[in-house]
Structure formats: structure tokens, C-alpha cells
Amino acid sequence: MSGELLLKLELRSDPSMLCVVRGTMERLTEVLGFSAAECRSVTRAVDEAITNIMRHSYKNQPHKPIELQVLRLRPDARSGRGDGLEFLLCDRGPAVDPAKMQGRRLDEIKPGGLGLHFIRQSMDIVEFKRARGGNLLRLVKYLQPATPGEAGKRRESLADLGPTNR
Amino acid sequence: MSGELLLKLELRSDPSMLCVVRGTMERLTEVLGFSAAECRSVTRAVDEAITNIMRHSYKNQPHKPIELQVLRLRPDARSGRGDGLEFLLCDRGPAVDPAKMQGRRLDEIKPGGLGLHFIRQSMDIVEFKRARGGNLLRLVKYLQPATPGEAGKRRESLADLGPTNR
Amino acid sequence: MQISARRIDKITIFDVIGDIDLANSPEVRKALLKELKEARVPRVVMNMSKVRYIDSSGVASLVEGLKASRDVGSRFILFGLSPSAREVLQLSRLLKIFEVYDDEAQALA
Amino acid sequence: MQISARRIDKITIFDVIGDIDLANSPEVRKALLKELKEARVPRVVMNMSKVRYIDSSGVASLVEGLKASRDVGSRFILFGLSPSAREVLQLSRLLKIFEVYDDEAQALA
């Protein structure tokens, strides 16, 4: 699946750029018609994904390149998918051990291990791969589920959030 | 003069992207320590420059590429320049007739012809050039004037703004 | 941006929410000209208190509203300017050309 | 982000302004641990009403504050959570673990 490129953002792995990216994402999701809660949730997922690149892929070195592409996915009658957004995050860090890509159990109370949970709770698709000497994280968020099956799946994964999130 | 690349943004000439770019610029200028009024002024200049590209360079065609690079300029003892930001805006539109690049007289009251004024009133340097088959607009804003001469020049060009702008 | 109209006696109040820029200034222009030129409402008031940002094309739409109001002998009023909107009118040397008030009560008085 | 401390009787109140993220969560952590572990203040209160956004690293700093408060037998309190901050704690299943109040009066009671 590939959509229309809405925006490409290149930045360095300097944590002070995170709030700049959030500023971009807040407006972009607003423009695209996401609800206020969904705007916050998508912005948070992209923010946490970049935070992970800065901390884990680049081990807090602040001058490494990060690229974020945002594509618009159009409704697709064949797959029954609705309108959506695709986020492609690329870094040039070393290959990631997929076994390590895991948050902590949420019933333990300890610092850390939350970022991947936030990303998974927000996004409909989360995929990592190694490509062209870098890491590629692909996130997809549908604007409105086009089929009842999709809607059910989405609601299920958000079941424990309570009413304020939706 | 060339600085450190803070951010590169690629977008299409769709006017609904303007508010996304403003979201980015508002946060970036805030992070870099500009005053609230300066953040608004720099954001406005970049917004108006992109508006001009959409309207004039691309004649309102919404799918043409626009590139914005933001570079950090470090203080330079030799030239006496302070910290600053450089904005490079590129489009692939036809060559511009420099004679047409002119706002209206501000003492006439008629619609239009304000964008270039806003850009010049905000920025310390405004330069157009034709490069590599496209148009390049270079804007520079100093964070703090490093020499009294520079400070005087800046204040002079902002003299008619009154107290609320500074 | 959202623009909606309220009518109080012979006054039309436009409530604008969001930024006015190239993406929507034609819509603002159209709404203003309809009310002033077609309906010939004697007083048209723009509630700008929820307008964080207005660009040069938005200012151009307001100037068109102002011109139309002069043509038909109506009043065209702005109130609730944000710092950014105020700056833009000042930079355009239009702040003193428009009839500007702080709040709705003054604009309707 | 700016963090500043006020002292009222034996309570330290941290007023935080701005987003808490990777760029500044270590600073928040340090401020909390100093007050709880070193100064052993019996009640530390975080005024979150000006915190629009808090990321996972910010939540981690708050969890460290909570742990430190339990270690020394102090109270660690949050108030004024924004929708975003509330969501993040809910997503982390921490909203019921922290002592959370709506406003300062309740947090100091």
C-alpha cells in the first residue's frame, strides 16, 4: 500500500526537536479531521517513536539524522480500508534486535518501558524493518474504520482506555 | 554563510498545509529562545513566503513541491553577527521577474500586496535567486544583534511597528 | 477555520474560529460580500476572538469587506483581536483604518 | 519547560510550565529526587496544570518520584492534569497508582 506524500521532515536526534515535531503533528492531524483525542494519540505515537530512535537507535547522540514521512492513504474499496495516515520513520542506527523491542508489563510499577505501548495503543499497524542500511518503522492510523471487522479490532485494542481517550 | 541544518520540510503547494508549517515554526522559534513576538513574526514571514510560492510561483496548483530548510547560524566573531536562523525556501516554478516582486504602497487601502512587507519587516535578510531550475528564497533572522550597528539597523526597519510588536 | 453568522436586530455577527489563511480567506471574503453587498446589512461585525492567526490574504478579505461596507454605507467592525491579528493590521497600517473594538458589547453598542 | 519550587509549611510544590519530554525529564527527575530523597520533604506536590504534554520519559520520572516517596514514607501528589497527561497515565495504568487531585487546594488539604 502506498499513498500520497503529505509531508517529509528531516531532523537531527536532538531531544529539543521533539516538541517541534509534535507541533507539526498536532496541526497535521487537526487539518486531516481527526478528533481532538485522536490528534493527541497520533502525535504521541510519533513522538514516542522518535524518542525511541534518539534513545535506543542512536544511544542519545544528538546529531544523527531522522526522517519522518507522512502519507495519506485513500479509502480502498478492495481491502475495505478507510482513509488513513501512514508514518514512515527512518534512522541510520545499528540493526535492532527484534526480541528487545518490547515494553514492560503494565502491571509492574517501574520507570520506563511505556513508549511501545503508547505507539501500539494509538496505531492500527506497527511494523519494524531493516532496510537500506537503516531502520524503518511504519505506523498506520485509519481515520475511520471502513468495515465493521476493522472497527471491532480497533475498539478491542483500545478497550482498557476508558472514556476520556475516545 | 552556512549553518547547521535544524530541519528540512518537504510539502506540496496545498494551502491547507500552511497551518502545519506554522505549527512547526511556532515551536521551533520557541525552542530557540525567540521572544513571543519574534516567534509570531518569524512564523508569519515563513508562512507568507510559502503563500507566495503557492499563489505566484505555482499559480494555485496544489500538488507542486515546496522545500523549507531551517539552519542555525552560530555567532560569528569576525562579522560581529549574533545567533540566528536561516530559512531556505525552494520551489520548482518558472523564473520570477524580480521587477514584479514588490508589495503595494502601504498608504493605499486595497486588498493584497502585503506579504512581502510582512516578510521584510520580520527578517534581517531577504534574498531571491534562481538556482538549479527553481526559485530560492533566503531569509535570515538574527536572534540577538551582536553589534550596536546591527541593533540600530534592525530597530530602524521595525520603527513603525509600535510597542506591541517588540 | 469555521465561520458562522448570528443575526441580532439589524446586525450580522460572524463568529470565526481558527486561523484565517490562504486555505480559507476566499470563504471569509464571500461571506462578507454576501452580507454587505447582497443583503446590505447595515452593520457587519467580525468576532475575531477565536482567530489566533490571520495572514495577508485574510487581511485582503477584510479590506474587501471594508470597501464593500463603504460602497453601501454600512459599518464593518472587528472585535477581539489576538496579539497576532493586531500586529498584522498594524504592520499593514490598517489598524486605524478599521473600526476595532475590544469586545462584543462595544461592537454592538 | 520550566520547573520551580514553592515551599508551604512542610510541603514542596513544583510548578511545571511546558511539555515534559526526553529533552527535560531528567531535570524533573533530579528535582523530585532531591526533594524526596535528600531533603526528605514529607509532601511533594506537582502542579501539572501548565503541562500540556508529558511523554513516557516524563511518566518514568514521575514513577521514580513515586518510588522515592514510598521509600522515605512521604506523599507524592499530582494535580491539574491536562487531558493529554491524564490519558498517558491511564494508558500506563498509573492513574490509580498516583495520588491525583483536581486542584491545588485539594492537593494541600
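When the chains are written out, they are named A, B, C and D in that same order, and each has its own residue count from 1.
The rule is short, and it goes like this: a contact is a pair of C-beta atoms (placed from the backbone, for glycine too) under 8 Å apart; a residue touches a chain by one contact, two chains touch by 3 or more.
Note that this is a predicted model, so its numbers are computed, not measured.
Identification of common neighbours of chain A and chain D yields an empty set.
Set against the Cα centre of chain B, the chain with the most distant centre is D. With centres taken as mean Cα positions, chain D sits 44 Å from chain C. Taking each chain's centre as the average of its CA atoms, chain B and chain C sit 26 Å apart. Each chain gets a centre from the mean of its Cα atoms; for chain A and chain C, those two points are 40 Å apart. Residue positions of chain A touching 2 or more other chains: 16, 19, 22. Across the assembly, chain C contributes no residue that touches 2 or more other chains.
Chain B meets chain C in the complex at residues 15-16, 18-19, 22, 36-37, 40-41, 44, 47-48, 51, 54-55, 106-107, 109-112, 114-115, 117-118, 121, 160-162, 164-165. Those residues of chain B that touch chain A in the shared complex are 5-12, 16-17, 19-20, 22-24, 26-28, 30-31. Per the touch definition, chain C reaches chain B in the complex via residues 19, 21-23, 53, 55-57, 59-61, 63-64, 66-67, 83-84, 86-88, 90-94, 97.
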